[in-house]
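The same chain A turns up in both complexes below, where it pairs with chain B and then with chain C.
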Partner chain A sequence: MPNIKELISFAADYFPMVFRKPAPKYVSESGNRVYGMVAEFHETPKVYHAAEMVRDAGYSKWDVHTPFPIHDIETAMGMKTTKLPLMAGGAAITGVIIAIILQWGTTAYLYPTVVQGKPFEAWEPFVPIMFELGVLLTAFTCIFGMLALNGLPRFHHPLFSHERFYKVSDNRFIICIESDDPKFDPSTTRALLEKAGGSEIALIEDED
Partner chain B sequence: MSQSINQIAANHPAPDITAVSDQQWAHRLESFAKDARMHEDNINLPASAAAKIGRPMLVVGLLMLVVAAIGIFSISFKHALAGIEIGVFTILAISLGSLFWTMVFHALNAGWSITLRRQFENLASLVWIPALCLIVIAIIEVAMGGVLLTWLDPAVRQGNHLLEVKAPYLNGPFLLVRVLIYAICWIGLSQMLLGWSRKADETGDRTLGRKARWWSSFGIPIFAFSATFCAFDFLMSLDYRFFSTMWGVYFFASCALGSASAVAIIMTLVKSAGKLQGVVTEEHFHDLGKLVFAFIVFWAYVSFSQYFLIWYANIPEETMFFTARRAMGFDWLFKLMLIGHFAAPFLVLIWRPIKRSPKLLSLMGIYLILMIALDMAWIILPMLNINDAAATAPSVPGMLIHAAGALGVVMIFGWFVCGKITKSPLIPTKDPMLHEALGHKNYV
Partner chain C sequence: MSAIQPDESLARRMHGLQPGEQPVARSTPLIPGTSDDGTLSEDTGKRAPCVLGDRSFEDVTNIVCGYAEAKMPKPWLAALTITSSIAALGTGMILYLIITGVGVWGLNNQVDWAWDITNFVFWIGIGHAGTLISAILCLLKQNWRTAVNRSAEAMTIFAVVCAGIFPGIHVGRVWFAWFLAPIPNSNGIWPNFRSPLLWDVFAVSTYATVSLLFWYMGMIPDVATLRDRAYMRLTKGVSRPMAIPMPIGNDIIVPQLPKPDQIRVLIYGIMSLGWRFSSRHWHRYEKAYLILAGISTPLVLSVHSIVSFDFATSIIPGWHTTIFPPYFVAGAVFGGFAMVLWLMIPLRLILPNFSDLLTKRHLENMAKILLLTGTMVGFAYGMEFFIAWYSGNEFEFSVFANNRVNPAKAPYWWAYWTMIFCNVATPQLFWFRKMRQNPLVIWIVASFVTVGMWFERFVIIVTSIHRAFLPGEWHMFFPTWVDILTFVGSCGIFMTLFLLFLKFLPVFALAELKVVMPQSHTHDDH
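Our next item is the complex of A and B:
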């Protein structure tokens, strides 16, 4: 469950005129907010084992960037299953209930209308609408829930200010630990990434 | 290089060319032989272990058939036959559905299902039991002038305009010919596929899979037509006035659902006997559960579409099918189908942990096969009453006879299945894509 600070920070990305980002935990010498720390890796097994080490150190807000999908990286990262199915299920049930209330309420309760001599409360004609509305709300929840959970769309990402980051689409693997992580500490995080075998360790500044 | 590509392209349509080179294939066979999971003890079920479940099934089955036989004298032959037919169509759905899945796996070159495929093949090759039952039933129907199929009754045919028009299709000799054709198609296809699969186990001949793939592509339409017309002949024509173009698909939904459920049950029992450790994992059960879930929804979609259009259009010759099944004391079964065959299993199987748990999935499988049998009962039993002027609402002794007949047939089929799975290894041991199934994993 995201805390209120994260929500405000999230909203501030989209509506900077309304919300102000909370005061950063770490500030660089030039006065910019510190986004996080990156380390580069050259081989798949190395980044895999480094991810395991970061996971075991108890970090929660971090990511691995790779040029191609790595099988099982989610277990190495200790990623939890997404909450999206539960949200979709809730939306489906809501849709079905809305459909029942709207149809039964209008045709059987508020304005009983004879259609083709069928009973007022016949459930059969309700079924297609129940299905449609259930699917509609589920689809919306899936799309917008997915966007909300992964923070897309966005115009810019702090990692793009790091010149070397562009190599993740070519031949590098990069692990990035965000400064919002409660365990983040410039010296211990750097020590951990060094121990994990990372090179070119650098702090990323958020230039906004 | 270009020459060899041309050669492959020229030979490509032939069914005996495979994509795996000899060298690759030798390497794969070597890795299968080295794999600890492929040890003989792990992939063979001893006959004694299967008999532990098979023998009680045989005893119960025979007992139930005796009860059904008593019903012939205490109630009527018609009721006993109806009970048997419920069971026959349940096992026909299971074995025909297995034939369908086997052919789909072959035709689509499925890798993940290789370790499940032998059980589908085994169930499919037992299609001779329901096929034989249907031949006997058809002979009885024709010889006795229509027991359940009233259109065979000369008294009904006399001066009946509808039956005169439909006579080119609805007549006794043609019914017998059709049943024989269905039986030949089903038995031929299933024995062929199981035979090649077993032969490949012994010889390691990887061209056989290619051959199976080629024949499966033709087998799927053959299956579609034979299953559809069989459902027309024995289920839809119980009321010769009724017609529905959805009927074949409706029966097919039960086929695909029943066979996937049956394989889930078999695999759970085999695994609980300590076999197939690491070969059939929760990943395979997860995908099997997805198939079961999909066909619960498919069944509901098809059966509701059929009902909905008939309900809305309100044309007498169509509506009477549902009037008979909702008003003559079978309305509870109709409602049970809505909730028990769709809503309840839908809400249960939508959860990922249930699909991934062999025990829970096989429990759902037993429940769903029961639901398929009740669906068949809902199709067959109301016609006993509507065609019989003297009949009343279903009685308790009558229902016991129906249940005994259906259970007897299903249990004896179970005994045959228990015997069949011990005859060959539990998985195809030398399939060119076995490594895909052994390392199968769901990433979602």
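Our next item is the complex of A and C:
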């Protein structure tokens, strides 16, 4: 669960006119806040092992940017499984309940119509729409829930100011350790990334 | 250079190369002297590669994005001109129908469902292959699906668009189509939830929505790749100015207009929602993808089952059978795969670099699915006929014998036998390895199957209702020119949308293709 400070920082990304970001921990030479430190990798096994090293060094606020989902990177990063399947299950049940209320309420109470002498409250004809609405709500929750948990859409991000970051969508792998991480320290973090085999290590500034 | 294409400028364009960039050469050329591209191995111990030519991640990005960024070849422009004209004609026919009334169609008191519902079921069936490839093959861990899933999903969306037109306009007074929605009308009357026609509304609209979201979600990372490439070109200063394509002669350059890359950065930027390829995001993304695949699988089976309920729950002989749901679903998968093949084989010719991503192995696999589902459909035809006889219901049997099969008695015998020939006989060619490995043969069979599947729906709908219980109610159905041109127009709408998709969106699932490449493995030993 994110703390209040993180929530404010998150809201400030979207509504800078309403929320002010907490004071930065590190400031670069040009006076901008430091977002984090990045290192580049060229091969999948190398970035996988580097992620294991960063995990074992005890960092918590960091990320691996990869052109495709690397198999089992969750273990290498020590990530917790997402709550998305639970949310989707809840949405499925909600959809089915809405369908039951909609069909039963209208057919049996609001507007009972005699159709071929069949009983008003028979449940069998309601099954197809129960299924369809369950599927519909699950799909909405999956996609919009995934985006919401990811904090997307978010069109501005400090990483986009890093020229080399744009190669991630092609064939590059980038590990980024955020300066908000309690263990972040410009010199030791750089040493760790170097030891992990990263190249082009750079400090990312947040220009705001 | 000549390893890719003899024509250097064409080769550069195929790769979407900017001036000064190095082209990508295949390090392993095709096996000389054969038509085999190295993927047709029958050795079960060896897995055929999903991406040929020893490509790197960068090559695959260049191939897939290259087409969306570079000028399209002339055949594309010619095809778009033709299909968009046909689409405009179809739109004109729809307007004519709305202004004049459904009397412009050949429907009559006896045959009150004909080409409209035939076209609806035909198009909705075609859509099913896309969801099948993206959902069922995903759950079955069939890696070869990555080459075709994006274009098959796009085809699904466009087919559902075409399908949605027909039930919408066949109601006559289109402005009352909102009666289909689950809300009371001004007299407080609710729609009848016990009617399969209303189930159909829910099924088709859910299917359209879920397919669209699934397609869009799959595209987010790939559109982000297009965004990043356009942005990099802008910052490097190698963006081309806007040029208006001319069918003959050179393009007209308009430097006053914004550059295409500026428009790309804006539109792809908004579409990709600020995706930053984060592993924490990928984790949730993959979970969402898996759940969507899991719910789309029963969804795709339910949609065509519910479409078949429109017929099966009535008591008209020829419609009132329990075999309809599985029979319709098998037919839909069959027709949909035929359409995927029908589109993909010319695509490999027009955009040749795609043949490294869409190999002969892919075509062979899909040909095998055509054989399987075609045989299932053939079994359903036989079983339907057998039960009509075995049940002892003389009306049911009469529909088959006297309305469909017997040339001496059934006026629509030719439709029935066209269906049998196209759907049951032609796919049997694929028992022979030579046949299912030959793209031309596959394409011809796919054309036959597409025609046959349209006739299947025509046979089910029209031959069942053109003769009711009393001979006084017997009427033939004759399509009018509006019927014909509306259907042709819907084909134009479908093809136009597909051609625009080829130009403006990533045709291959880039991120998923990279996952099935050997470089994506996290351990060096395999």
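Here is the rule we go by: the second predicted complex is superposed on the first by the 145 of 208 C-alpha atoms of A that agree within 3 Å, B and C clash if a C-alpha of one lies under 4 Å from a C-alpha of the other, contacts with A are read in each partner's own complex, and residues count from 1 in each chain.
Simple rule for what comes next: a residue touches a chain if its C-beta (ideal position, glycine included) is under 8 Å from a C-beta of that chain, and two chains touch if they have at least 3 such contacts.
Everything quoted here is computed from the prediction, not taken from an experiment.
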{"item": "Touched partner set for A:Ala202, first chain B, second chain C, both or neither", "value": "neither"}
{"item": "First, second, both or neither for A:Pro125, with chain B first and chain C second", "value": "both"}
{"item": "First (chain B), second (chain C), both or neither touched by A:Ala57", "value": "neither"}
{"item": "First, second, both or neither for A:Leu110, with chain B first and chain C second", "value": "second"}
{"item": "Which superposed partner A:Ala12 touches (first chain B, second chain C, both, neither)", "value": "neither"}
{"item": "Contacts of A:His71 with chain B and chain C, given as first, second, both or neither", "value": "both"}
{"item": "In the superposition, chain B vs chain C on chain A residues touched", "value": "C"}
{"item": "Partner chain(s) touched by A:Ile100 [first = chain B, second = chain C, both, neither]", "value": "neither"}
{"item": "Common interface residues of chain A - those touching chain B in one complex and chain C in the other", "value": "71, 74, 85, 125, 128"}
{"item": "Partner chain A, residues of chain B touching it in the complex", "value": "304, 307-308, 311-312, 314, 350, 352, 441, 443"}
{"item": "Contact footprint of chain C on chain A as seen in their complex", "value": "43-45, 48, 51, 63-74, 76-77, 79, 81-82, 84-85, 88, 92, 102-103, 106-107, 110-111, 113, 115, 118, 122, 125-126, 128-129, 131-133, 135-136, 138-140, 142-143, 145-147, 149-150, 152-157, 159-160, 163, 165-171"}
{"item": "Chain B contact footprint on chain A (complex, rising order)", "value": "71, 74, 85, 89, 116, 124-125, 127-128"}
{"item": "Complex contacts: residues of chain C adjacent to chain A", "value": "56-58, 61, 182, 184, 188-190, 192-196, 198-199, 202-203, 206, 209-210, 213-214, 216-217, 221, 224-225, 227-229, 231-232, 235, 269-270, 273-288, 291-292, 295, 298-299, 302, 306, 309, 510-512, 514-515, 519-524"}
